[in-house]
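As C-alpha cells, here come the structures.
In the two assemblies presented below, subunit A is common to both, partnered first by subunit B and then by subunit C.
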Partner chain A sequence: MNTSAKPVWTPTEMMTIVAARALKSSDVCFVGIGAPSAACNLARLTHAPDITLIYESGTIATKPNVLPLSIGDGELCETALSTVSVPEMFRYWLQGGRITVGFLGGAQIDRFANLNTTFVGGTYAKPKVRLPGGGGAPEIATSCHEVFIIMAQGKRSFVDKLDFVTSLGHGDGKGSRERLGVTTKGPTRVITDLCLMEPDPGTKELTVVAMHPGVTRDQVVDSTGWDLKFAARLADATPPTPLELSVLRDLHARTRAAIEAQQQKGGEA
Partner chain B sequence: MAKFLPLSAGVEEVVRDSDKVAFEGFTHLIPYAAGHETVRQSRKDLTLVRMTPDLLYDQLIGMGAARKIVFSWGGNPGVGSLHRFRDAYEHGWPQPLEIEEHSHAAMANAYEAGAAGLPFAVLRGYRGAELPRVNPTIKSVTCPYTGEVLATVPAMQLDSAVIHAQKADRAGNVMLDGIIGVQKEAVLAAKRSLVTVEEIVDDLGPRSLNACVLPHWTITAISLVPGGAHPSYAQGLYKRDNAFYEVWDEIARDRDGFKAWMDANVLQKGPEAFAIHARKSSTGRVA
Partner chain C sequence: MSKRRKEVVASVKDAAAMIQDGQTVAIGGFGADNHPMALVREIIRKGTKDLTIIASATAGLEIDLLIGAGCVKKLIAPYVGQEMYCPIGHNYRKYAESKQIEVWECSEYILYAGLFAAASGQEFFAWRGGVGTSIPELNPDLVQFTDPIGKTKKIIAVPPLRADWAIIHVGWSDVYGNGQHLGARFGDRWLARAADRIMTQAERIVPNSVIRRNPFMTTIAYADCVVEAPYGGHPYAAHGFYKEDVEFIQDYVRCSEANRKGDAATWDEYLKRHIQPDHYAYLDTVGIKKLLGLYTHPIVSW
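Right, the complex of A and B next:
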C-alpha cells in the first residue's frame, strides 16, 4: 500500500459504512431504497454474509449484485429466496414480528427520532413542499424489533419541531411508545454523515455517542436545529477500512455499469 | 368469462368516467399501455387508487383525468417527486386534486379485505403516526378477545381494476410471475377488471403448483399488448427502464414540457408503440 496516500472517503461513504457495521449476520432486515440499501448490502458483502434482507415489494432473503433504483427491481426478485405478495409481506412478516431491524430515513427528524416524510412547510392541506408520504414507514417504525435511522445531517432536516409526524420514534420522550401500546424498541441508532447518535436511556433524547473521523463538535452542533446533547465520553471513531471502502465502491461501480449498459441497449432499439 | 378485446375496446368496457379505479403494480408489471389508452379516451373524474402511484399516475393526473387519488407512497422511486401530482395538489393544475392517504400496510390490508368481501380491514398500525388526524377514514376497533385497540380502514371496493401480466391462455386464465404486489387482490376487489398481457398462449405451460393465476371467470377483459408495462418491467421478459424513470424527472418538471411529451408519446401514438420494448425480451418470444 502507498503509505504516502492519506485515506480519503466521502461523508456519505462513512455514513453508509457506520450503518453497515451495526448489522449482524443473524439480523432480518427491512431495507429501504438509497442509503439503507447500500449499507445493508455492504454488511452482507463483508462481515454479515448470512444477513436476511427483505424489501417491501415482497422479496425475502434477496442478494442483489447491483443496488436497485426502486424497491421492486427485477434484480431483487431474481436473487431472492422467495417472493411473496405485498399484503403477505406487511401482515405476516412485518406485523407478525419477524423483522429485527427496520431502516428508515426522512426529510425531517426531531430530538426524539420521530420522522417526517409527508410534507415540509405550510399545512397538510396546503403544503409548501409535498413529499412522497409514509409508504411502509409508519408500521416499520412500530413493528420491527428496533429501527436504525440513516440520513444526512443539516439544520433543515434535524429540526426542533416536525411539520408532520409520519412515523413514531420516541414520541415526546421516555414512556411514549409504551403509552401508545407499542412494545418494540424503536430507533436505537441515528447514523448521519457526521456522527452516530443514540437515545439517552433515561430520556430517549438523541445524544451524540461518536463523531466520524475529522468531524468537529461545532460542525455537528451547527448542523442541528435543537440544542444537541453529547455523551460525556465519545466513542473512538474508526475510519473506514480499505476492505469496507473497496466493497462499497465496487457495489456502486457495478450499479452504475448496469445502468449504463441498459441505457446503451435502449439507444440501439 | 374474460373477453379478448383490442386495448381501446377493453378500456372502453372496463374504465368509465367517475370510476374508483386501480391501475396496480408494485414497481413491476405496471399497466402503462392501458393507462395511456385511458388518457387517449379522455376519461374524467376518476378516483385513482394505488399503493405506489408513480409516473403513470403523474401522467393521468397531469392530463386532467383524476379528481382524487388514494395512495400510500407517491413518488418517483429512487429519483424524487412526482411533479404533476405535486402541481395538482399544491397549485390545482390542471384541476384540483383531492387526496386520501394511507400507509402501505393499511392499503395492502384494505385490498385484502376488499377481495375477501369484508367491510373493513384491521391492523396493528398507525400508532403514534399523524395520518389518522388528517384522514378520517382511519378509525379503530377494540379486539373482543384481548381488548387490544387496533386500527381499521374501509375495505378497498373498486369499480374497476387494471393490471398487466406476462401471459393469458386462450381460455382467458391469466398468470403473473415475480413481484405480484396487490394485483390479485385489486382484481378480486373490483366489479370490472382489465388485464393487458405480454402474450396469449395455448397453455400456461410449466409453472409452480402455487403460481399466481387469476381464473378467466374473475376477469372482464383481456387485451394483448406486448411491452405494455414499459417503463416498468415484465419479469423474465424485459427489464425496468430505470433510465426513463430518471429522465421523467426532467420531462414532468414543467407543464409545457410535460404536455409536449404526452402529445408526442401518448396522444399521437397507440398501444402498438409498446411493442418495441417487448422485442427486448430475453427469450425473444412475442405473441
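Right, the complex of A and C next:
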C-alpha cells in the first residue's frame, strides 16, 4: 500500500461505508442518529433498497431524504410507512423480536463488546465525566437478533475495563449471555474508523478480521487499550467505490442544504 | 365518577402555578420535538424548586434548561442530550458530576415499564433490557429476578413511576381538555396516564366539534388543565406546525457549555434573555420573521 498517496476518503466515511455494506435489503434495522443513520440510509440508497429502517421515535420503514439532527424529527415520521408510539416500538418491535440488526456506539467498549454510555472515571457516586446514560441501548443489546457496533477507535474508548456496563455485549466471554437467558446473538461486528472486528467464535473476544485500506497493524494496536487479537488471515479491504462515496456525500450535502435553507428563511435572529 | 363537561382552560401563568415545590412532574415530547416549553419557561420564571422530573425517554435540552435553572432535585431519565446538536446536556453533566441532582439510572423501556406499572396500578412491570448491566446493580429500586415460569431468563422488575403532574404538548385541544396530537405521539400518553393530573399545552384551542370530528386522533382525553400557547414548543419542533429552530438550539448549547465550564455570567445572561415576563414577550424576543420561517406544512391532514 502506498501510504504517501493522500486517500480520497476520510476514516469516518470508510467506517460508515463498511457498516452500510454489512446490511441487507431483508434487514429490519433499529437506527440511531449519527453514524448509524448515515450508514443505514447509504445502504438503502445503494445495495439494500428494501431495508426497513426503524427509529426509536416510533417510525417504521422510514425513508428520510435528509439526515435528521434529532430522533423525533418530523422528516422521519413524514417519510415512514407507520409511526407508532415509542413504548409500542420497544415492546412489540424490539423485545417482540422483530428487529434483525441494532446499531450501537458508546464512549467505552471492552474486549467482549460490552458498552459504557453512563460515566467515565472516578466512581458512580463521584464520576469524573457523566455521560448521557443508557437511552435505549440496554434493550437494543439484548433484543435485536444481532448488534453492529460503530465507533471511532482510540485508547480512551477501547479499554481493558469499563467503568460501567450500560449495554450487555458478551459479558465476560462465551456463555455469559446464555447464563442470563438472553437468546439473541449480541454484537457480531465492531466497525471502527480503522478496522472491522468480530467476536472469536470460541471465546467471544473481539478479533480484527479486516483492516481498512492504508491502515497498519501498529495503528490498530496503538489505538486499543487491551492486547488485541488478529485473525490468522485478514480479509482483503475493499476501498469505497465512487458510487458509495458520491451517495454518502450527497446525503450529507442535502442535509446541510436543508438546514441552511431553514436558517436563511428565518432571517437574522 | 361523573365526567360533566367542565372548561379547564387556564393561562400559562396560572397553570404553572399549580405545580408546587417538591412535586414530581412528567414532561412530554421526544428529542427536539413537542416539548411544552411555554410551561417549562414559566416554571423557571416562577422559581419552582426541588422538582423530581420524569423525562421523556429521549429527553432533550428542555430538561437540561430546567436543571441549569435550579428547579430540579431528582431526575428520572435514560438520556439527556440533543444528539447531533449536543450528545450530552451540559447542565445535566455539570449537576450530575457535582451531585447537585440525583439521577435514577434506567434505560428507555425501564422508564416506560415504570410508567406502565403506575398507570395500570400494578406492583411492577417486567422487562428484559438491562439484564447483565450495571444498571440494576446501581439503581436499588430495580430488582433482577428469574422468570418464574420458564425458570431460565433473568428479568428486571421495575416499580411504579408515578407523577403528580404530566405536562404534555398537543397540537390542539378543546376547552374541556380533550387534545389531539397532529403528528407523532412518542411516549406522551404513557407519561400522562402515570400522572395524577394532566396539564396540556396546545398550539390552538379549537371547538369541541373539531375533536368530535375525528375521535381516533384524540390522544389525551380529560386533561385537568389546558393552556393555549402558539409557538409554545419553540425552540423545539411541534409536529404539524413548525420545525425546530436550529440556530436557537445551537445558541443554547454554547451558553450551557459555558456554564458547565464555569462561566456562570453567560448562562445567567441566557436565562435573563429567555425567561421573559410571559410567553408573548418571549415570542417577541424570537421575532415574527424567525417564527414564521419555521412553519412547516401540517403532517396530518384533518
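Following the convention adopted for this analysis, the second predicted complex is superposed on the first by the 260 of 269 C-alpha atoms of A that agree within 3 Å, B and C clash if a C-alpha of one lies under 4 Å from a C-alpha of the other, contacts with A are read in each partner's own complex, and residues count from 1 in each chain.
Here is the rule we use: contacts are C-beta pairs under 8 Å (C-beta built on N, C-alpha and C of every residue); 3 or more make two chains touch, one makes a residue touch a chain.
Since the structure is predicted, the reported quantities are computational estimates derived from the model, not experimental observations.
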Quick check on the subunit A-based superposition: subunit B and subunit C, clash or fit?
clash
Quick one: is A:S143 in contact with subunit B, with subunit C, with both, or with neither? Answer first, second, both or neither.
both
When the two structures are overlaid on chain A, which partner does A:S223 contact: first (subunit B), second (subunit C), both, or neither?
neither
Return first, second, both or neither, reflecting whether A:T192 touches subunit B, subunit C, both chains, or no partner chain.
neither
Which of the two partners, first being subunit B and second being subunit C, lies in contact with A:I259: first, second, both, or neither?
both
Shared contact residues on subunit A for subunit B and subunit C?
33-34, 56-59, 69-74, 77-78, 83, 85-87, 90-91, 94-95, 118, 124-139, 141-143, 164-168, 171, 176-177, 180-182, 259, 262-263, 265-266, 269
Interfacial residue positions of subunit A with respect to subunit C in the complex
33-34, 56-59, 69-74, 77-78, 83, 85-87, 90-91, 94-95, 118, 124-143, 164-168, 171, 176-177, 180-182, 259, 262-263, 265-267, 269
Provide the residue numbers of subunit C that touch subunit A in the complex, in ascending order.
29-34, 57-58, 60, 77-85, 87-89, 92-93, 96-97, 99, 103, 105-110, 112, 115-116, 127-135, 138, 146-147, 150, 152-154, 183-187, 189-190, 237, 239, 243-248, 251, 286-287, 289-290, 293-294, 296, 299
Touching subunit B in the complex: which residues of subunit A?
33-34, 56-59, 68-74, 76-78, 83, 85-87, 89-91, 94-95, 114, 118, 124-139, 141-143, 164-168, 171, 176-177, 180-182, 259, 262-263, 265-266, 269
Residues of subunit B that touch subunit A when the two form their complex
26-28, 51-52, 71-75, 77-79, 81-82, 85-86, 89-90, 101, 103-105, 108-109, 111-112, 123-131, 134, 148-149, 178-182, 184-185, 212, 233, 235, 239-246, 276-277, 279-280
